[in-house]
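Sharing a structure, written as structure tokens. Questions coming.
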Amino acid sequence: MLLRIAERTAVFLVSLGVSSALVFGFMVLLPGDPARVALGINATEVDVARLRAEFGLDRPLGEQYLSWTGGLVRADLGTSYISRAEIGPQIADRLQVSLILVAASMIIAVLLALPFGTLMAVHHRRASGVVLSAISQVGVAVPAFLAGILLISVFAVHLRWLPSGGWTPPAYDPGLFLRQLLLPALSLGLVQGAVLTRYVRSAVLEVLREDFLRTARAKGLTPLRALVRHGLRNAAVPVVTVLGLQLATLLVGAVVIERVFVIPGLGSLLLDNVGNRDLIVVQDVVMVLVVAVLLVNFVVDLLYLAIDPRLRTASR
Amino acid sequence: MTHHLPRLLAPLAALALAVTACTAGSSTAPAPAGSSATTAGGSSDRITLGLVAEPASLDFTKSDGAAIPQALLVNVYEGLVKLDQDGKIVPALATSWKVSDENKTYTFELTDKAKFTNGTAFTAADAVFSINRVKTDWTTSLKAAMDVVAEAKAISPTQLQVTLSAPSNDWLYRMTTHLGAMFSATGVDDLANKPIGTGPYTFTSWNRGDSITLTRNEAYWGTKPHYQSVVLKYFKDPTALNNALITNAINVVTTVQAPEALGQFTGNSKYQVIEGTTNGEVLLSFNNANEIFKDKRVRQAIRHAIDHKALMETCWAGKGTLIGSFVPPTDPWYEDLTGVTPFNKATATSLLTQAGKLGATLRLRVPTLPYAVSCGQVVKAQLEAVGLKVTLDQLEFPATWLEQVFRGGDFDMSIIAHVEPRDLKAVFGNPAYYTKYGTPEIQGLLKAADEGSVDEQTAKLKQVGRLLAEDAAGDVLFLLPNLMVADAGITGLPQNAIAVAFDLSKLGKR
Amino acid sequence: MTEQLNAVDPPAIRVHDVTREFRRGRTSLTRPVPVVHALRGVSLEVARGQRFGIVGESGCGKSTLLRIIAGLDRPTTGSVQVEGVEISHLPERRLGFLRAQLQLVFQDPMSSLDPRMRVRDIIAEPLVAQGHRDNRTRVHELLEAVGMQPDAAERYPHQFSGGQRQRISIARALAPDPRILVADEPVSALDVSVRAQVLNLLAELVERLSLTLVFVSHDLSVVRYVCDTVAVMSRGEIVETGPIARVYDTPEHPYTRQLIAAAPRLRAALAGRTAAVLAAETLAAQGGSRPTSTAAPAVPLPPSSPKDTR
Amino acid sequence: MTGLSRGAEALLPPPGRRTRRGTEATLLVGGVIIAVIVLLALVSLVWTPYDTGEINPSERLALSSDRHWLGTDKFGRDVFSLLMVGSQTTLLVGLVSVGVAALVGVPLGILSAMVPKWWGEVIIRANDLLLAFPALLLAIMLTAVHGQGVVTAMIAIGIATIPSFARVVRSGAIGVMKTEYVLAARAAGRRPLAIALRHVLPNVASLVIVQASVSFAIAVLAEAALSYLGLGAPPGTPSWGRMLQEGQELLFVAPRLEVFPGVAIALAVLGFNLLGDGLRDRFDPRLEDRR
Amino acid sequence: MTADVVRVRDLVVTVGAKPLLVDVDVTVHRGERVGLIGESGSGKSLTALAIMGLLPEDLIPAGSVVVTGHSGGGVQRVTSVLEAGEPALAAMRGRDVAMVFQEPMTALNPTMRVGAQVAEIMTIHRTVPDRGAAARRAVELLDRVGLPDPADAARAYPHQLSGGQRQRVVVAMALANDPALLICDEPTTALDVTVQALVLDLVVRGVEARDAGLLFITHDLAVVASVCERVLVMYGGRVVEAGEVQEVFTRPRHRYTRGLIGASDLDLTRPDGKLYTIQGSVPSSGRFPAGCVFRNRCTHATTECESLPPWQGSGPEQGFACWHPVMAS
């Protein structure tokens, strides 16, 4: 068990190293001199050179990479080329926003997917299952931002029940925070939930055909209790995999919803700074996102170990 | 299943709480007022404005971009002079000024009441410091306009004398922009994060990606503004901006990005719609260095090919002004030149035929801005209707567009609104500019206008305007309107957007 | 063919002191990587024309041995000669002669035929792989040899029953006209009524084509019918080798005795050899002293076996 | 297939699977939707009711009528024609991105299953690393380098889809490599490349087709999202995502401009998903015996 | 004769219009060990699942299946399986009837400790006072079925045990509540022969000790002869012959039974040295001929066989259905 955890940790760390090099390498490829962009359209060469020196952009790439990753390890993300603001706190703020949004929508998705997916699987031959299944298929097919736009026009613009967007840190006005969170979280959550529902359904279907579930029923458990006691944990592996993937993609994917609902999340920060060519910010945001994804994968790996004892001893 | 739900929920809720707790302690926590956008409508102390482009930085001495002075100039920073709604230069920190020595020496009388928000009083020394600092510390393109200053000196704490190396009508005008912003000699350490000025508002917080909050400067030397705090809230999405107004999240939409959407506000007593004019000439620019544009007939053909009325109708819902030149009506040398090259497809086609360029392919590369994207499609369709081929692509704004079109010159035509005031010289007086235009004749006229008297200036610039139209150096599609929507009770909103600043000090409530 | 068989010729297969170890995934940070000894010093010799059985239970190493003989796996140490040629260190691309000389029949009639291929292509595969062209007549010949209609060539495996698939599998093995046929549990997945058909077919083909047969099975009675010589394997070792009748009637090794004792036989059962007797005899053969005790000895944990990995 | 005795295995439809009829219905509905979209795209190559390049101010924002079945947009362009031409972009984005993903992912997956275990592990870990770069992130990054456009979007979506192909193919290929027919092929003297092409590839082909169908759906959604952010099709290139983006500003003036492309996207996604589901069931080896 | 623990009459199971089982009659008495033999596709496992009430949803049973169990205190509980609702069936399963499946590798929940799985069957039916007692009894049961170090074994996960050990766990589970009927579906097919002998012994002693009935499904005639007293031969979804083991295997009447015995016995060869065989192969489900299901493989088939042969014998427990039976010698 410990060994498996060590193994996963090693994979995680190596992945971190490789991806930081990838991200850095990619940023080097970006056209557009950040110093020039920062200085605007009519800057002189002297000014540009001065700024390049100030940002260390004139140093060898290897050195730049090392100083950047060194900073990352010390949680020092550097200073923006353009706004001259420290990047770390800025990303931290945005990340919190994105995390809350993503967490809220995943909670909605899971609350939706677990019961409905299971129900669909158990009733997959009955009309109720088929109807639910069809609804989920439609849910999967709707782009999240379209769902967002529709939700806004109904609940914010026409009914005036909820704000159409914006963001308030929960500490300042919890009520407003929740009201503002609801629609964006719903738009992401409903769509992700529909996707997740399909996976829960197929995972449960898969488990329903397992021998041990029949054993459980032969022991005298009703179908539902057999499923709950023996099936769900075994169905969890594929569901957790998808959940992990969804979490990972959502951190970036939420940018669309952030745009619709005017939420200052991490995705928007990335998009804005690509536009501004604030290279160092872009680099940091991408890296933070990648770390988040790898972290999610890592946690998912550990969850596998928690869920399935076979993985603890057998090598994959 | 139901038994399992609470158990499942608990850890997730805990997670959410943990994240929440972090926010409260975060380092750049915005002030409560600035962070929220709702409930603004109910408070007489606070007004929230919806804007489109968020600044990348707060330091306009280092970063270009109209968004910074739009928010800070006149409001946080003040200049010696400023522009009024009709485009006239009026006093600000300078109560009056005299010009002498063949228009080369300016003597400003300064107010003695003004105080910077760091507590120090505003004096002529600060003015000298600010003017000199442009040359030494500024890195933006605007600084070039200060090159004409030979010397600035404080005669007394309230008297400033500026000597120009050559007469320039333009210099004083530029002093109304952020170039003329007055900084405290002891308050420029952290302009990117802590702007210090003498204005009616002080900078309070910037919740990046969301809003900037300004608070009334209770120690302001002039008339104090009505609102205790002003929130400038930035929206990337025009629909979200409109929705925010509808749902009372903001009080003012400062720039209507989709004029078609005005329909939902006009005729509704809850809202007022403000239509004025701007400096934003939407220019269909030609890369005059390209072979094809060296032929005047091609340039004229394009002007003839475009049905400006239909274009404005289609891409900007008919809002705006057709001017036919590069001079907005708020400039004294404005002249309606829409008749110079009237819309005529046949003329266009025959000009192209004469030039032997019928069927030629032109690359129209527009920035990712709503009007440019919209107009680009119309221009493409209209040019193709007279026998040109147009490939349209869209370049991310600002970076890619600046890189490829503006600096790289890798384009045939582009569309962008030149919103800087009095930018005739910048755009068409400089062969190195991306328009690659600036004949000696034009340059001569521009120089004469700058150095001459006010009347001479007006006459010469009129001439420039006409010359540009006749030579078809570019095609001004239309002048962007100043379209705002606001809650009905808001007063003091600027009718025209012709200055770089958005003056928040007059805002009030009926 | 038969005249080639003379004493100076090398044996068809000679395996000498072969070991095969598998390293498994590390299970602990502190302990060394566990090593499974699938084969420990196995030696055997199969003469030409011999029908050689290998018997053992799951995980005893018989499949590993068979793969090594077929050049599909390599021994960790030891030597393997087929028709006098040392194959244990040849790279796969130089095993051409082995592919022509030695062919395999597998256990699972479901998995041993590619479901996406027509029977024609399945049977012709060894020929194509060895560079033959235009194998149509050969395929029909082979189908006929295993008792199937020529029109079977155009169909797909799933259209056949298990027994028929096993016939196709045999036809494929015979395609390059090998001298050695290696069969890995060829009938253990078949219905009883079909099993006899396939065994008859194998026996007949081996006889008719003068093949050397290596027949691997867990079932001593099947080996007894098909083979003349048998090697009994247990835990990676050959514990006993000899003529089938001798081994069956007077087993020397306790494990062989146990294997024989444990196997239910219809006639013996009808004569009163009930489950209790079976168990008692099995334990007795194993050296267990309390055949009726409930505390049966631990069943040995078999090492890496195909069944275990599921 | 364990558990039930072999007898019952042949007898029982695998529990928890769709019935044959359900599979057929899913396939049919998905197939018809996709067929209609493909047909519209093909027809639009040679004919559309109106020229989508033509701007017609006098017919701006027209409602549905006999002349314009679905009305016109703010440029006076016929929405139905735009939808038809837009389907080209949708299909193209799907095809190219899925093609890129399959072209890289399938060989990668097969390779990782055929090389020694340790190397396979390395390959698949490297592949997993790609998961850290979702389509949107890649698109944003690529856009920064290559500028906005359909090609950038296609490549970004394609690259981001590689891991799913590689994973699916790898798991299938590992299964195939364990079969006795691969062993038999090796015993017959087949070289690894021939085994990969003749045995592994055909037997994972069904997985690839299913994955392609599902990825197609995802690509359509991704394109829409990218267009919404202004990272997709440039103006003048009719695309459903772009139409959604353009229609959004007129949501309250002309909601139909949002509804039609929205419905088109949802239908396309639904179609590909249904197709994928139907194919998955049809190809299910557990149903194979019953053919 | 003692009471029957299960009584199946005229059981028909269909999927769609396709019959999978036709007119199956099975009776098992208390303390009796009955074998159910046949090749793949004969319907043995379906019969077992029908008794358990565990048929897949789209399989429709008809006829009658009555299970008589004991719910303690000498009280009998009769369950009419085909009519009973899910709660009644759940109460019956694992208590009155328990089942051992073929594949010990997959029959256990891989994510649950073995001891907990054994204990669960007792807590479900409340045959022990509390969880603690169930856990203790589980260890005891594991000891009884011969697992070395049962306390450790109870903490193990299934994958840490060998196939034989797992099957012992399954047997322990099945016997935990002293069921009136134990159904074993090919319990030793996946096991090695030496392990098989011990597990068979375990099963037999288990039911003997409880005076339970045993329905033992296998395709291996030798195994059934070692375990059972009575046997039913199935083919094509029908019972084609039934009787005492001795009688059926020494004097088979049905041609199929005879062929099966011939093909099973590898010690017996024809004059030409070949094994006895049955021609052809078992058809897939629904492809069996009308009339006598065996007639397309039978060397004695005549036109008469196109009609259904009647059951000849003293009753469902002894007899055969063949137009051309092997003459009793």
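To keep things simple, chains are lettered A, B, C, D and E as they appear, and every chain counts its residues starting from 1.
Criterion: a residue touches a chain if its C-beta (ideal position, glycine included) is under 8 Å from a C-beta of that chain, and two chains touch if they have at least 3 such contacts.
No experiment lies behind these values; they were computed from the predicted model shown.
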Chain pair with the higher count of C-beta pairs in contact (A-B, A-E): A-B
Label of the chain whose CA centroid is most distant from the centroid of chain C: B
Chain of greatest Cα-centre distance to chain E: B
Mean-CA-position distance for chain E and chain D (Å): 48
Chain centre separation in whole Å, for chain D relative to chain C (CA means): 46
Length of the line joining the C-alpha centres of chain A and chain C, rounded to whole Å: 52
Junction residues of chain C, two or more chains touched: 310
Touching two or more other chains - residues of chain D: 2-3, 15, 19, 143-144, 248, 251-252, 289
Sites on chain B at which at least two other chains make contact: 237, 239, 396, 399-400
In the complex with chain E, residue positions of chain A that touch it: 125, 210-212, 214-223, 229-230, 233-234, 307-310, 313-314
Of chain E, residues touching chain C in the complex: 39-40, 105-106, 143-148, 161-165, 190, 192-198, 200-205, 219-223, 225-227, 245-246, 249-250, 259-267, 269, 273-278, 281-282, 284, 297
Chain B partner contacts - residues on chain A that touch it in the complex: 31-32, 36-43, 47, 51, 80, 82-85, 89-90, 92-94, 96, 99-100, 103-104, 106-107, 110-111, 114-115, 118, 149, 152, 156-157, 160, 163-173, 176, 180, 228, 259-262, 264-265, 268-269, 272, 274-278
Residues of chain D that touch chain A when the two form their complex: 2-3, 14-19, 22, 121, 125-126, 128-129, 131-137, 140-141, 143-145, 217, 221, 224-225, 228-229, 244, 248, 251-252, 255, 258, 262, 265-270, 273-274
Touching residues on chain C, where the partner in the complex is chain D: 67, 70-72, 92-93, 95-96, 99-100, 102-104, 106-108, 111-117, 122, 125-126, 129-130, 158, 169, 172, 175-176, 310
